[in-house]
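Two complexes, one shared chain (subunit A), two partners (subunit B, subunit C).
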Partner chain A sequence: MTTPAAFTGALRRLPGHLLPALMIGLCAFAVFGPLGNLLLWAFAEKWFFPARYPTEYGFDFWHRVFRPRAGAWDSLFASVWIALSTVLLSMVLAVPAGYALARLALPLRSVIMLLFLLPQAFPSLPIFVNIARMFYGMGLNGTYFGVVLVHSLPGLVYAVWIATAAFAAVDRSMEEAARNLGAGPLWTFRDITLPQAFPGLVAASIFVFLDSIDEFTGTFFVGTPDISTLPILMFNASMGGNYQIAAITALILLIPSVGFMLVIERFLKADVLSRIGR
Partner chain B sequence: MTLSRTAAPKAPGPFRALLPGLMLVAPALLAIGFLYVLPLVRSVVFAFVDAEGGFTTAHLRVAAELYGRDVLFTIFVALSSLALIAVLSIAIAGYLTLGATPWAVAALRWLYRWPLFIPFIVAGQTARSFLARNGLFNSLLIDSGLMDPAMAQSLLDWRGLVLTFAWKQVPFVTLLLAGAMASVDRSTIEAARNMGAGRLRCLIQILLPQVRGTLLVGLILSLVTIMSVLSVPMMLIAGNPTMMTAMMAHRVTYYGDYPVANALGLFSYILTALAAFAYLRMTMAQRRESER
Partner chain C sequence: MGVEALALQGLSIRLGGANILEDLSLDVQAGSFTCLLGPSGCGKTTLLRAIAGFAPPSSGDIRIGARSIAALPPEKRETAMVFQSYALWPHMTVAGNLTYPLKLRGIARAEREARAERILELLDLPGFGPRRVTSLSGGQRQRVALGRALIVDPPILLLDEPLSNLDAAIRRNLRGELRRLQQKLGITTIMVTHDQEEALSMADTIVLMRAGRIVQVAPPEELYSRPADLEAGRFLGVDNLLAGRPEDPVAAATIGFRSGDARLAGAPGTGALNRRGRVLDCAYAGGGYHLQIAAGDEVIAAVSGLPVALQTEVCVTVPAAALMGFGTDHRLLPRETRPDSGATARPSPELLSH
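The block that comes next holds the complex of A and B.
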């Protein structure tokens, strides 16, 4: 049983909780309202204009999207295949570069770092347009290799930044101890340096993978109409008025993004994060 | 350290010492040269070159004439988005730092990050359905009795663009701001609170001046994003005027007209460069002031 004093105390505190509750509610509406609309469209069988909500729900469009010979599977495989190739290419280039930038003597190091920063500092659309023009002359437009190359531009930038930070965070005293005990430089790198930098490199790969899976603009200029990734499929469905198919494709696109981001904090440690861009 | 040490002892010449690093960084540099520097140079050069290879400003004039309204529209949408992003992220980051209701702070911290992880193309599609006339935005307002059904209208114009850009970028700027605010010395805030200053006053007069640099960096990066995203304006806006990105794509895909597209691209470089310049001047002035 509550005493009158405690009751009036709780009553007095209530307005203090009311305002935050209202604010959180508004935020939740702003964040999840649009996503809720996406879910409605994904399961709406019939939804025509005057109706404020779908008049019929069902899985009809899911069957249509995942029919064996529908384009969705092709686009899904193309997206994953391109993203994995982009990760491979970006990391092969970024790991040695990141090691050199973090640990070795380099002339004009700050200029090189700036060069890897510029692509994020200016609008990228004219770059993609001109890459498409160049690739057209080289026969790379409409090829998987061309799309992987264009995805590697943002990929490489992220990968070099994070790899540099990851190598800079490696404890040098352990390397020196290994060298003093007689380990060669390559052994030291493989057994001491690489394992310590590994979580950061995994985080970089995840970033590059996600960026490639979601990439639209570069694919739009270099890949279409021959190559259809999931974002291109979604865009075409949406512009064609197929909101159900667009919504289902969008939900598929959300799985890797949200899934990976829920685990990314495990790989990207604070000591690496604080060194990015240095 | 390990590699340079093996190269250094025999030949201490300065070039030999730099060689391993240069060799390791060269492939990535070549790639960025081919995929970024070359297209960048071409985008600027071809805005000024005519069919015979001579210098011309005709493309710039055509671009200004045909797309002047779109350029103004782009500036308007970008500035409105940045204003909304600034206000919302200051409010959210401020509440995360100063908020007195623990459960609300925790809930907000969990909530605000979501759009950060959602790709622009998906954000475009959600906005396209959410803000439409029969979208959930209107429906929920009508159901809750806050709006008359006859008042329902589509928000798929400049308002939709501003809301979508803000939806995507507020979490990003908030993340930066909240990080910067967390590292501000708490004792000045405690002192101000003890003297009777309200939380809002602490936010505006104590916290905000100390994180202004972070806020500006976040806003400039957001501006670059707004000027780069193609999918959102293409999905939200049908017809004119629209964002410069959509017009550049239109010029290339329908007319194969790269010079005018490049001239438009040049305008977008200049707009972001102006913002970056304003930021640099501001930080320089601040530094000079603090040195005095």
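The block that comes next holds the complex of A and C.
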């Protein structure tokens, strides 16, 4: 039996336990609420106001999405293809840039790194509208290359920052040891620097990939209507009130994201990330 | 590759207006063990890096044997260096680290592996080839780094404070090991150190450096007993520097000696430096007592086998052989004891002119 004293004691301790639990619950709801809604919509056959939950479940809309004519497959391939190209372009530029920045004296490096952040600092809409205008003049609108270029703009920020951190983490005396024992600069880079920076470069690629596969605004202004990626398909479906198709597209979009998240776990070391901007 | 000599001729390195190294000239004999000794910031590591090709000289020449290497990139110099941090490549195994320099030289795999085996035997690390570098202890890493440098059979071996990251006991062991290995291979070796004991026990020749200049080049015994100037003396443990008096056996502005050579005596010794004073402090220091003795306005450090009560009047005596005379310009005076250490003797004119 609980004495009154023990009871009030427990009552006083209650907020201490309740508050964290409440916070965790709210966070979980914020994260999983929309996802749950998404799942409901993906499998809802009929869901009309004022019903609280779908009145009929089924795979009917999945068949519709994956019909050859619907273009979901094309959009998926276009998305992955654009994302991979963006990764390639970003990394080709970020590896030499990151290496140079990592070996630069500190004040100058910080300035250049900040410059790289500038495109992110401005609202993206005006930037993309102007890029679309410029690309129109160059005939890049509606081409894969144009979309890849637009995706590389934010992609480069991740790529250069993380690559710089990865290269800065490579002990300089290890490179000097290789030079000292007979390796030229290129051999040293290939055999010593690159293998050690590799996990960081993989992490950078993953960020660029995820950013590209998710990108909407740039693709919308530069790519449509000739190029349709999954986010564009989703947007069109939602605008047309077709929530089932939008939900299903969103779920498809999760596949590459979750897949690459799993790869991140393997390659991303905390010590690599902690050196960013140092 | 064979044993070759190294020569520096008028080597200077300027960095942003500051002279890191100033007009250094040095001849290192083939097959010798030379230590660059000096306090931190004296330029000894920069000199080593200049020889390896990582610090471009602003003027002067570096020669190995007959050929100049000053203009060559590091990879063409054939100077094998052991870094202070060892700089082993963590993404390779021990054998991978050892054989990489051979791979660069286009040596076949079988030969590479055989040579790695041999060098591991030499370094007393048999069977360590497949191990990861990160699983090795500090001393083992140090030996692998040494092996990686030696495997290419270089004409010059450069060691940048190779023992400073190790425990005292391992360091003492490796000191002897490194010295024996160097003598066995007969490789011309230059080692940077700030530890005078290490330099004295390992080197054939010690190059004492200070503020980007060479102060003295001498064998260990000579450097220890005849440091070139006051500051060099202080760096080498000459802890007593007293103003010379006319009755002293050495005529000099300043007379230096180590506390270990100073004894307490009942009466002033003949032909020795004598000072009377009062004991200020007496501290046990393992095997003996360290004394601080006030003599006039000077404080003398001395050792004693027995404890001495504070404020005791004592006589400190130092044999003439342990004394170093320094002139008014702080430079060491040539060794010369007065024929009679009486009060009437005068410094010779030659000594005064310093």
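Here are some notes:
Everything that follows uses one rule, which is that the second predicted complex is superposed on the first by the 239 of 278 C-alpha atoms of A that agree within 3 Å, B and C clash if a C-alpha of one lies under 4 Å from a C-alpha of the other, contacts with A are read in each partner's own complex, and residues count from 1 in each chain.
Heads up, the rule we're going with is that a contact is a pair of C-beta atoms (placed from the backbone, for glycine too) under 8 Å apart; a residue touches a chain by one contact, two chains touch by 3 or more.
Because the structure is a prediction, the values reported are computed rather than measured.
By the document's definition of touching, of the two partners only subunit C reaches A:171; subunit B does not.
By the touch criterion stated above, A:46 is placed in contact with neither subunit B nor subunit C.
When the shared chain is aligned, subunit B comes close enough to touch A:125, but subunit C does not.
Using the contact criterion defined above for the overlaid structures, shared-chain residue A:67 touches neither subunit B nor subunit C, since it reaches no partner.
By the touch criterion stated above, A:179 is placed in contact with subunit B and with subunit C alike. Once the two complexes are laid over each other on the shared chain, residue contacts for A:196 go to subunit C alone; subunit B is not touched.
In the superposition on chain A, A:238 makes contact with subunit B only, not with subunit C. In the superposed model, A:34 makes contact with subunit B only, not with subunit C.
Contacts of A:246 after superposition on the shared chain: subunit B is touched, whereas subunit C is not. Touching more residues of subunit A than its counterpart among subunit B and subunit C is B. Annotation: subunit A residues 176, 179 touch subunit B in one complex and subunit C in the other.
By the touch rule above, subunit B contacts subunit A in their complex via residues 1-6, 17-18, 20-22, 24-25, 27-29, 31-32, 35-40, 42-43, 46, 92, 95, 99-101, 103-104, 107-108, 111-112, 114-130, 133-140, 142-143, 167, 221, 224, 227-231, 234-235, 245, 248-249, 252, 258, 261-262, 264-266, 268-269, 272-273, 276. Looking at the complex, you find that subunit C touches subunit A at residues 52-54, 73-75, 77-81, 83-85, 87-91, 100-101, 104-105, 148-149, 152.
Residues 16-17, 20-21, 23-24, 27-38, 40-41, 47, 49-53, 92-94, 96-97, 99-101, 103-107, 112, 115-116, 118-134, 149-150, 152-153, 156-157, 160, 172, 175-176, 179, 185, 188-189, 193, 213-214, 216-217, 220-221, 231, 234-235, 238-239, 243, 246-247, 250, 253-254, 257-258, 261 of subunit A touch subunit B in their complex. Every residue of subunit A that touches subunit C in the complex is listed here, in rising order: 171, 173-174, 176-184, 187, 191-192, 195-196.
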